[in-house]
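Heads up, the next two complexes both have chain A, just with different partners, chain B and then chain C.
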Partner chain A sequence: MEAVKKEHELIVSVSPHVRSEESVSRIMWTVNISLLPALIAGIYFFGPKAAYVTAISIISAVMSEWGVQKMTGRRSAIGDGSAVLTGLLLGMNLPATAPFYIPIIGSLVAIAVTKQLFGGLGFNVFNPALIGRAFVLITWPRAMTTWMEPTAAFVGLDAKTTATPLGLLKEEGLHKLLEVFGSKASLYTELFLGHRAGSLGETSAIALLIGAAFLLYKRYITWHIPLTFLGTVAVVAWVFGGKTPETGKFLLFAGDPILHLLSGGLILGAFFMATDYVTVPSVRAGQILFGVGCGLITMLIRLKGGYPEGVMFAILLMNCFTPIIDRNLKTKLFGKKKEKGK
Partner chain B sequence: MSLATFKGGIHPPDRKELSAGSKITPAAPPDRVVIPLSQHTGAPAKAAVSIGDEVKKGQVIGAQEGFVSAAVHSSVSGKVVGIGDFPLAIGRMTTCVVIENNRQETWAELKEDPDYMSLSPEAIKEKVKAAGIVGMGGAAFPTSVKLSPPKEKPINTVILNGAECEPYLTSDYRMMLERPDEIIEGLKLLMKSLGVSRGFIGIENNKPDAVAKMKEAAKGASGIEVFALEVKYPQGAEKMLIKALTGREVPPRGLPMDVGVLVQNVGTALAVYEACRYGRPLIERVVSVTGEGIKEPKNLMVKIGTLVSHLIDECGGFKNGSSKVVSGGPMMGFAIYSLDVPVTKGTSGILVMSESEVVHAEDYEPCIRCGRCIDICPMGLMPSMLSVLSEVGHYEECKEYNLWDCFECGSCAYVCPSKRPIVQFIRLAKSMTKP
Partner chain C sequence: MSHEHQYSNWQLIKDGLFKENTIFRLAISLCPAIAVTNGLKNGVYMGLAVMFVQVMVNVTVSSIKNFLNPLVRIPVFMLIISGWVSVTDMVMAAYARDVYRQMGLYIQLIVAFASILVMAEMFASKNKVVPSFFNGLGSGLGFMVALVVISFFRELLGRGSLWGFEIAGGSKPLLIMLLPTGGFFAVGILMGFFNWIDIRFYGGKGAGGASGH
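Now for the complex of A and B:
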């Protein structure tokens, strides 16, 4: 009995003494994997260039993370997959034709400024990939809004430039879109599959939804933000997005929600960026508010703003409100009768 | 498929298979016992013996001091060889009476009562008090106090807690399997002492045989119902159990009696029965000694005051590089730093964790605001905020996030992907503030 005691140094720590298997790196790598279908679709439609842009973006993101952590003496965390995720998301938000310095600068801004300057993972206010994207969009507006036609790369000819569906809708109207795509049915089909101009990882709704379904199934994300985001976009698009075909005058309840849902960066944004834990509210009620806010701002920009697409700015703007939402929409204490919020 | 339960909670692997098959067997009597005079919530008992005194088994060695307190009895017959401060499993030092066991097992005179069911409510309370019974689920609150609620808080339901939601532990389970009838008798006595006609027994559904046994035993007992509960930690926490079985929510900082409920552990009911029927004081209890780090996991009937080291020996010693020993369950138990601490009335288990089971809590990361802890907190708190605020020293602000409503169940820390020691942060904030 004495021997038993002496042999053993007992570890003493505060309860609980068991922990779940979940870890930050497991979550991050799972999200990375869930984006693969959409990335593959992007490479399929836009060719090797898409892979090239994404690869540069990821490598620069990881190197920026590593560099900053070296300089600041912070514990190196590039293995946790979060820098890879930022790089991947940024890459997927760029046109496949983007010149090489765009993903490099974008990643640097995303990681060094947006994430590390605020204290690293967990402390950043804004979604790093989106700030990176916003920065390069403002700095190189031309390169960032020159879109190539999908699959052109495989045909081997010079890639023809074209406009995105949302761009066409904004500049020329629905009739032009229908002219380009043939019919409404084929417009929806092409949008659903991803056969359209746009950022290299945003076009294939089906591929993105497969990844999103996987994350929902794994409970790494919940429906609260994506559903309210998409729902708001659909409702606003239907109510306010319509025009009388002949006169082009504004017409209530005549918009096309499906077109709006499947275009732009909405699906990528709603499922993969408006769900970034760090920069969105963590209480469910607040998440619903966040989703609705994102939807409203997105549609405001799409219908009234100068840009054809508003998802990126909508999410970034709502990121600003996250701290306020979190402070004001608390959870309901067990046993407490009434409380504001929920 | 809709078993009664509460909102939130977690599903840790229950690991009960390690000791579930082990029948309750008496632990070998130790050479000496170290019996703390304070093993309950409230004032310590006052030593009623002196060094050199011969004591009998069941003799009072510590007298109840004040209302919220409990008497303490000798668990062996023998000689008092020391009275002094010794460490308890929870880390605090307390006065203990050390008794050398003469192995005669000579009982003090006990007053049996075959007609215990006709005892008056007052008489039952007296017997429970004299027997030094306290809640045996871990909190160790004196039962006699719970049986004397203030007039304005009438009790209408007694709930027996057989949830045993802590992983690994199987002591309540074995009691329900092996002594269901006595538990029911204990429940009847509790109901009678409060003049209550409704009694519920809640058992997590990972123990279907215990549910069946208790249902069988409860047959014909009027007003008593047995319920299977969803398997979810912390199903056995008082407030969650009451919510699951009655739908009532105990108000924040309130007590079960605020919603007319008394909750007792099944082991406590058994002790109540033994006190009323045989006049036996609470001097032994069932302890699960289990975990990957112990050779032969067992459920032992242990004399209060037996040292943990004795139980480890009894179970064949350590294996698998055991490196952490926990008094209680893995979610809320205390890691002990010495094996020379005594088993008390509230010790439901001794968990020996192997090297591979131990989580090294120093490697934690910043909160990534994933919201998991918020989703599962059974009290509806925001553990993430509590941990972050406490980490940066904003203790007072923690109160805005209902710091003092946390009962430290550990669910938040369990699910946290950043492995944040949330409970530790919460305790720190509590130690720096006043409720």
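Now for the complex of A and C:
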């Protein structure tokens, strides 16, 4: 009995449970590379400003990591790519018009407070990049919701500000969105290619999906969380997201799931942030639960909440549940006696 | 705490300020430390109010402890506390109107502060009047210092001002520091800082909080 107990204690470890020559740093750098298409799309649509914001974000994330590790006497591990990944994800979650102090403070909070104060890589409860973004969103709400129109970068005019598709949907309704984008088909196309206002790395669905497909092919992420996340969003959007065109009254089974899937930070969040090894459940059933929960909270905020977009808060809220999900759904040991009182 | 106190009065004040600081060491009464500390002025007034109540409650409890049936001591403590809180409440309502308008509710809530009842139960009900006075003074001072430090940083970072005076004009203040979230950030980071001082300079082990060991 004693031996069984010992073994049982050994099995419960932090993810990733990978038994191969893959190392943490290799995975991190691969994820970084898989984000490059979306970053390039962002720079293409929003101009050099997007590159500038992302670069500041990455540099300050790496410097925060180095500084905290020096101060606390930990082994410096900036080469493992995790700080670069946090900085990159944070940068991609900011509007291209963000002033320089936003990525700096965001990275500092992400790395120093969310990651290193909790014990460094593998011990953080919350996704660092998202906490960094939540911090700056709450701190500078105006600068963080001033979106730039994507084409402005090319014609060389001053950046024209506009609302995101979800913002328009929330404030004005679907008819206004169709007015701006023309027809429904062109709305979907523009959303799919990324020609819309939004955070600089979240707009291009196709570029994000290329990176995600690469990660799925390399088996660095599994389908469980992204698919259940997207699926839940689609179902809830279809069932509860509809309104009658004439009166604007609530109508069941009339929503537009494609619009909800392609807009906001959903694809970036579902494939790259809700799959972070550290802050999501490592049990398969738990991952499905996590994805469904993320989808439900996202749609709750999008349809009923004060913010137009809810992916960030959904992932952060579900991060809170990760320990309890993991503890309750972990695989039962065969032949182990049930403990009393459980 | 033993029945006979072995500390000097000065030691009692010092303990209340550092070793048994209500917020940073014992981690009790954290609700006001987050709720009212978004401005230095509120922090100072709240600290003063709590210090007054703490001292008066300790003195009262200590002077009547021999007439008290131990079975009903907690209700009696609560009556004493609410009496002194009412006094504070009325005085503040009369002489500090604009502050009272902002945090009147929290003044009344001092009745429920853990720190007041804990000191009355742990110290004043077992010690003589004079040490109880100094214990209350020390613990109240510790509470006030903690609130002042927290609200100093929160107002400075969140509004760029101190005591209502603009001192960092034109900067982009961190709005989050004025929200409850910022309160948690400030309390957590300052608590860590005080633990660091304790560990680094006094060879202590740091404090974990009310539920710690």
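The definition used in the following text is that the second predicted complex is superposed on the first by the 312 of 342 C-alpha atoms of A that agree within 3 Å, B and C clash if a C-alpha of one lies under 4 Å from a C-alpha of the other, contacts with A are read in each partner's own complex, and residues count from 1 in each chain.
Please note the rule applied: contacts are C-beta pairs under 8 Å (C-beta built on N, C-alpha and C of every residue); 3 or more make two chains touch, one makes a residue touch a chain.
A quick note: this is a predicted structure, and the numbers were derived from the prediction, not measured.
> Quick check for you: in the superposed arrangement, does A:Tyr101 touch first (chain B), second (chain C), both or neither?
Touch partner of A:Tyr101: chain C, not chain B.
> Between chain B (first) and chain C (second), which does A:Val113 come into contact with in this model arrangement: first, second, both, or neither?
So A:Val113 only meets chain C here.
> With both structures placed on chain A, which of the two partners, chain B or chain C, ends up touching more residues of chain A?
Larger number of chain A residues touched: B.
> Is A:Thr139 in contact with chain B, with chain C, with both, or with neither (first, second, both, neither)?
A:Thr139: touches chain C, not chain B.
> Of the partners chain B and chain C, which touch A:Phe123 in the superposed model: first, second, both, neither?
first
> Under the stated contact criterion, what part of chain C meets chain A in this complex?
172, 174-176, 179, 181, 185, 192
> Inside the complex, what are the residues of chain B that reach chain A?
7, 10, 12, 167, 239, 243, 249-252, 254, 309-310, 312-313, 317-318, 322-326, 330-340, 351, 353, 357-359, 361, 365-372, 374-375, 377-382, 384, 401-402, 405, 408, 410-411, 413-419, 421, 423-424, 427
> What does chain A use to touch chain B in their complex?
Going by the criterion above, the answer is residues 1, 4-5, 8-20, 22-24, 26-27, 77, 119-123, 277-278, 280, 282-284, 330-337.
> Give the list of chain A residues in touch with chain C in this complex.
99, 101, 105, 113, 117, 135, 138-141
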